[in-house]
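First chain written, first letter: the chains are A, B, C and D, and each begins at residue 1.
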Amino acid sequence: MVPTNYLIILSAVLFLIGVAGVLVRRNVLVVYMSIELMLNAANLAFAAFASAFGALDGQIAVFFVMTVAAAEVAVGLAILVTIFRTRQSVDVDSLHQLKG
Amino acid sequence: MSIDLLVLLVLALIAIGAALGMLFSRNVVYALLFLVLVMLTLAVLYLILGAPFLALAQVTVYAGAIMVLFLFAVMVLGTHSLDELGGPIGWQRPWAFFLTAVFLIEVVYAFAARVGKLGLLSCAEAGFGSPAAIGKLLFNQYLLPFEVTSVLLLAATIGAVVLTKDVLSE
Amino acid sequence: MDFLMNPLNLMTFFPLVGVAIILLIPRERKDAIRWTAVITSLVSFFVSLQMLMAFHAQNPGFQMVYDKVWMKTGGFEIHYALGVDGLSILLVLLTTLLTPISIFSAWTAIEDRVKEFAIAFLVMEVGMLGVFLALDLFTFFVFWEFSLVPMYFIIGIWGGPRRTYSAIKFMLYTMVGSVLMLVAILWLGLSQGTFSLPELLAKGSVPAHLQTWLFWAFALAFAIKVPMWPLHSWLPDAHVEAPTAGSVILAGVLLKMGTYGFLRFNLSLFPEASVRFAVPIAVLAIIGIIYGAMVAYAQKDFKKLVAYTSVSHLGFVMLGLFALNARGIAGGILQMINHGISTGALFLIVGIIYERTHTRDLSAFGGLWKIMPIYGAFSIIVALSSMGLPGMNGFIGEFTILMGAFESPVLGPAFAISAALGIVLAAVYILVMLQKVFLGPVKEKNLSLKDLNWREITVMAVLTVFIFWIGLHPAPFFNLMMPAVEKMAGGLQAAVLAMH
Amino acid sequence: MFFSEVTNQAGTFFYLAPWAVFFPVIGLLFNMAFGRKIGEKGVAMVAVAASTLSFVVAVLLWLSLRAQPEGTVIPLASWMTVVDVSWAFRVDTLAVTMMLVVGGVGSLIHLYAAGYMHYDVRYKGDPGRYGRFFVFMNLFIASMMLLVSGNSYLMLFVGWEGVGLCSYLLIGFWFEYDTKGNLSTENAKAGKKAFVANRIGDFGFMAAMFYMFTVFGTLNFDKVFAEVPAVASANPHALLIITLLLLLGVTGKSAQIPLYVWLPDAMAGPTPVSALIHAATMVTAGVYLVARSHVLYDAVPAAQHAVALVGALTALFAATIAVGQYDIKKVLAYSTISQLGFMVAAVGVGAYVAAMFHLIAHAFFKALLFLAAGSVIIALERAHHPLPEDGGAEGEHHGNDPEGFDPQDMRFMGGLRKVIPVTFWTYLIGGLALAGIPPLVAFFSKDEIIAEAKSADALVYWLLVTAAFLTAFYIGRQIFMVFFGEARSHAAEHAKESPWPMTSVLVTLAALSVAGGLLNWPRPYLAEWLGHTLGEVEAAGLNPVVAGTSATIAVVSLLLAWWLYGKRPLESAGQPDPLKRPLGWVFTGMEAKWWVDELYWAVVLNPYVALSRIAAAFDVRVIDETVNDTAWLTDFVGGKIARWQTGFVRNYALSVFVGVLLIFTYLLWR
């Protein structure tokens, strides 16, 4: 059998790769994908804990995360498409109005 | 080294490799494909972890539906490749990698050395994580969140349609 | 109905009725708006006269108290409480008198957004009256801040070229003080278990170490408002930029909120700290007197000159209050009224000539007495009252204050004598002002200036009546405040004796 | 006798005392309200009537006092309850003496001014200001009556400042001109100077009142005086301070060293003002104050000595300056200062009756001199540019007058005795009175002062004698320069005598100057009269040795003046003064008023102006700048911090990540 720690570490590694993606990539789609990757990494941890503790609630959580992720991706990509149409760029750095 | 561990390691390596591939590929489509690979690997892992329902959902929802959505988006936005090293905040890149690495080391250290054994994975009971078991839990204890989620999905659907109405009507 | 049966509530909130009516009047009908505002504030004035009738001068305590629980949280209650006593009644009357006068004086000066202007004034009257009447620390604070906002708009919208700068400066400067005061109010209220002023007074003195902190927290807020040297620099800017009516109210009433605060809170609640810090405060007051007079002398702008005289005059008020004896305090209160009347009138005088010539540069005038004899006569009366000529109001206040400071056990002759120098210097700047504006040869371009119209004469005549009334027969004014003042002075004297 | 009948029931007149103030107030209010409607004649009638009624009240009080010489106090209304002072009028012999002088001389001068101002407002081109003049004059009478009849120091102070105000308003009456009639702020500045100098004195007065109230617990005369013996033994130091502070007030109001500088400039006012306010009445208020406070001063010999010294020094100092002046009114102004010095010296040596005697005498002859001088000036003005009613065209100037003609400059006069005889004779009487020629009034009064000084203090005595010598000399110089010799300008040649309201007043005052000596000689009526209040009856006045000496001095001095100015009169306006050569720089000093004004400017005024400017700059550059800098600092720091807000989402994500990392690290290391 496998120690749960290993899966948690894997989850962390994937999550951090997702973080790195958000932090370093300029292409807005890739940023989005990185977010998905982070969600998946979290899911993996949930599933691992569910298995480790023999409780199904973790899996339920994963289920909800997936649903919400689906909704989020749908709306998020719609927003991206709209923004792209006005700005003609997929560069996140082209959006920097949010400053003091 | 048990066979399980070996499988896990292989899967883990594939997942990490694919994730890194996504991180570094300049082409969006490649990145997307790498992400699909990660998700499929995770689906396999779910199976190992005794969550067959999740594995299926992972394949259909993530690897299927969501990735298709991404593909549509790529179609609309095009596959521009940007100068990832430059940009107005190019200085952020090394810092981001460095900090991520630091965090990684801390996490690995934490879970490898500090937290202690969380126990072995066990899928002792038959039917653990089966659709029936999940369904029972979902429609009893988690009924309200479930319904709320459905409303959320409905709202997202409408939202997506409204937001892209101009695009579609062209 | 119970609420409105109390004259204090009725007087304080009646202006809001005017606001409601004005909101219904179309903005083009400017005269209707002006009349509504004047009449509403006059109603408040008459209600305040009714209050005066009902007031028992012999009673040193609070009268016509209206007290209802407002909020109840945790272990303490916040009340909505109003009441009047000898310390506040004159200031209330001053407020209800000056508000209609200043609205009246702005009749032709404000043509732009008359509706908003009238509303701002009426709302401000609510705030000012509330400040003088509040018997609960929280009620006080709410009204205190409440009166600030309309003034901000009055300066910021109807002001001169640098109005935005001045309005923001006024607002921020005052806020700095208010914030500290809020902290002090909370601290005081929580440590003593009540926010009610009568209860706090009945409870007796606050512990000494606490008094020091609270004293200075309150003092800072009030010192900014007074304004005491060196926290005065918002005043010239605010005055110069504010429209005439705004300046009148600012000098006439708003500054008194600061001195009243010292009287009502610092002296009443922290007598030991007041005794301990009377000397530093008095020193600042005297610096203010001399410094204000000197800086006023050097001004080239008519209105700025008048603004700096306020710094000087309010130094006298502060000196009187911190003489900590009955004469000093009584003189201080009377001088608040005097300053309201005289300096208010001086600002009207500046406004009248500004409206005609659109300049306030002293060198642009000269010999106006020849061209505008009625204006000149009123101006000279007001100016002389401001420099404390006997027979007029300023002298009564200043003399009583100096007398109080002279015999005060905490201050003494040195303070009174140095402050009396301020009277000499007052003569210097007032006479220079008179010379530059009213005497000397007439400038060519001023030859066609018109003398006062009936509205201006009315306003000036009302103020002049008070100038002479207080100057020749101040007894009624003193009688109103004396019992309360003596009670307070008794407490302070006890503190003085305990300290020495 | 009618008088005795009135006197027998005279007690009933005391209640009229407040009306001495009320009548002029009514007059001024009436003229303020209706002055434009009733015309010049109406205004003058109202004002003269008001002033005369006030005088009548004083006369009635005098009659009443003859029956009840101890006097009384008439309370009117409450006033400063906080210091226990109310409006109350004091009727005693001292007050009523002053009231008689003020009312009498005041009424005469009102009458004179009714004629004088008719011309003056026309020469100055603003006939509408006629009414204003009489409003101020009535206000002055009211204030002065208040001053002398007040029953407390505080009430006295009201009048004290009130007359100062009138002085200010009347000096600056022609505020748009200078004394020569050119557009300028000079007159206004002279008024300001007077008021400020008075204020400095008033500062002393106020401080004295504070001290007095603290020591005595009251400001009412009777109570203060009753306490003096007790205080004198318990706290002599306090008494000294109070009296010296009062002396500061005296130096301001009565134009003594060091505050005398305002009085010469005060001659910018119309001549009746100079006569009434700046010679006869207001400036004597200081003398009155000391006389009124005699109980205090008697208790403090040191203060008395200081008063006497100040007075004597002023008497001499001002007399030297008077010798070097050319302006007819300036000479009289310095003469006034000098004579006030005599009076102050007199009260200083305790010769209150002599001081009051000289005060009255001075009111007569100095008013006379000023009014006559005014008559001279008007006469020259009328000849210089005649009014239409004198047969001249509007604004016409005579080209025949020398360059820089000034109707007040004695160098442009000469020979006037022929063209304006009434003025000349009255002037001569006034001048001789001033010089102390027997039997004119000042001979008696001045001799009393000098005699008392001789017995009190040698230094004061010699100063006063020297001053008396100079007095006779400068008035002789003036008379010879103005009235003798030949006319040195066209105007002086064609001068016209003034109309009857003016000359009749001159004659009346001349008569008073001649007969005034009877007041205290041969019977010391005045001494007995004032003794009821001042509590002493001095030995009847005439010390033959002193009288002989001073009469001789006066005659010798006049002869010297004749030898210098009368024997060989000036021939043209430009000729230097004959004293200039023999005296050299001393005379230059006299001409330049010993540079005292310049000294004050350099030592006090310029530094104050500079200091004010520095304070104003300090206010803007330091105090306000500190506030603005605080605001700037907040803005600056905010700006710096705001740059962290780059607007880049990734950047914000990084900050979030850093935060997470820090928290995680903390948890790990805890």
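Keep in mind that, in the parts below, a contact is a pair of C-beta atoms (placed from the backbone, for glycine too) under 8 Å apart; a residue touches a chain by one contact, two chains touch by 3 or more.
Note that this is a predicted model, so its numbers are computed, not measured.
Listed by label, the chains that touch chain A and also chain B are D. If you average the CA atoms of chain B and of chain D, the two centres end up 103 Å from each other.
Inter-chain centre distance (chain A to chain D, centres taken as mean C-alpha positions): 97 Å.
Centroids built from CA atoms put chain C at 63 Å from chain A. With centres defined as mean CA coordinates, chain D is found 38 Å away from chain C. Residue positions of chain B touching 2 or more other chains, listed in rising order: 88-89, 92, 96, 100, 103, 107. In chain A, the positions touching at least two other chains are 19, 23-24, 26, 93, 96. Looking at chain C, no residue sits in touch with two or more other chains. If you check each pair of chains against the touch rule, the ones that pass are A-B, A-D, B-D, C-D. Considering their complex, residues 169, 172-173, 230, 232-234, 236-237, 291, 294-295, 297-299, 326-327, 330-331, 366-367, 369-370, 373, 377, 380, 384, 389-391, 395-396, 399-400, 402-403, 406-407, 413, 416-417, 420-421, 423-424, 427-428, 431-432, 434-435, 438-442, 472-475, 478-479 of chain C touch chain D.
Across the complex, chain D meets chain A through its residues 638, 641-642, 645-650, 652-654, 657. Contact residues of chain B toward chain A in the complex are 2, 4-5, 8, 12, 15-16, 19-20, 22-23, 28, 31-32, 35, 38-39, 42, 45-46, 49-51, 53-54, 57-58, 61-62, 65-66, 69-70, 72-74, 76-78, 80-84, 87-89, 92-93, 96-97, 100, 103-104, 107-108, 111-112, 115, 117-125, 128-129, 133-134, 137-138, 142, 145, 149, 152-153, 155-157, 159-161, 163-164, 166-167.
By the touch criterion given at the top, residues 646, 648, 650-651, 654, 657-658, 660-661, 664-665, 668 of chain D touch chain B in their complex. If you check the complex, the residues on chain A that touch chain D are 19, 22-24, 26, 31, 92-93, 95-100.
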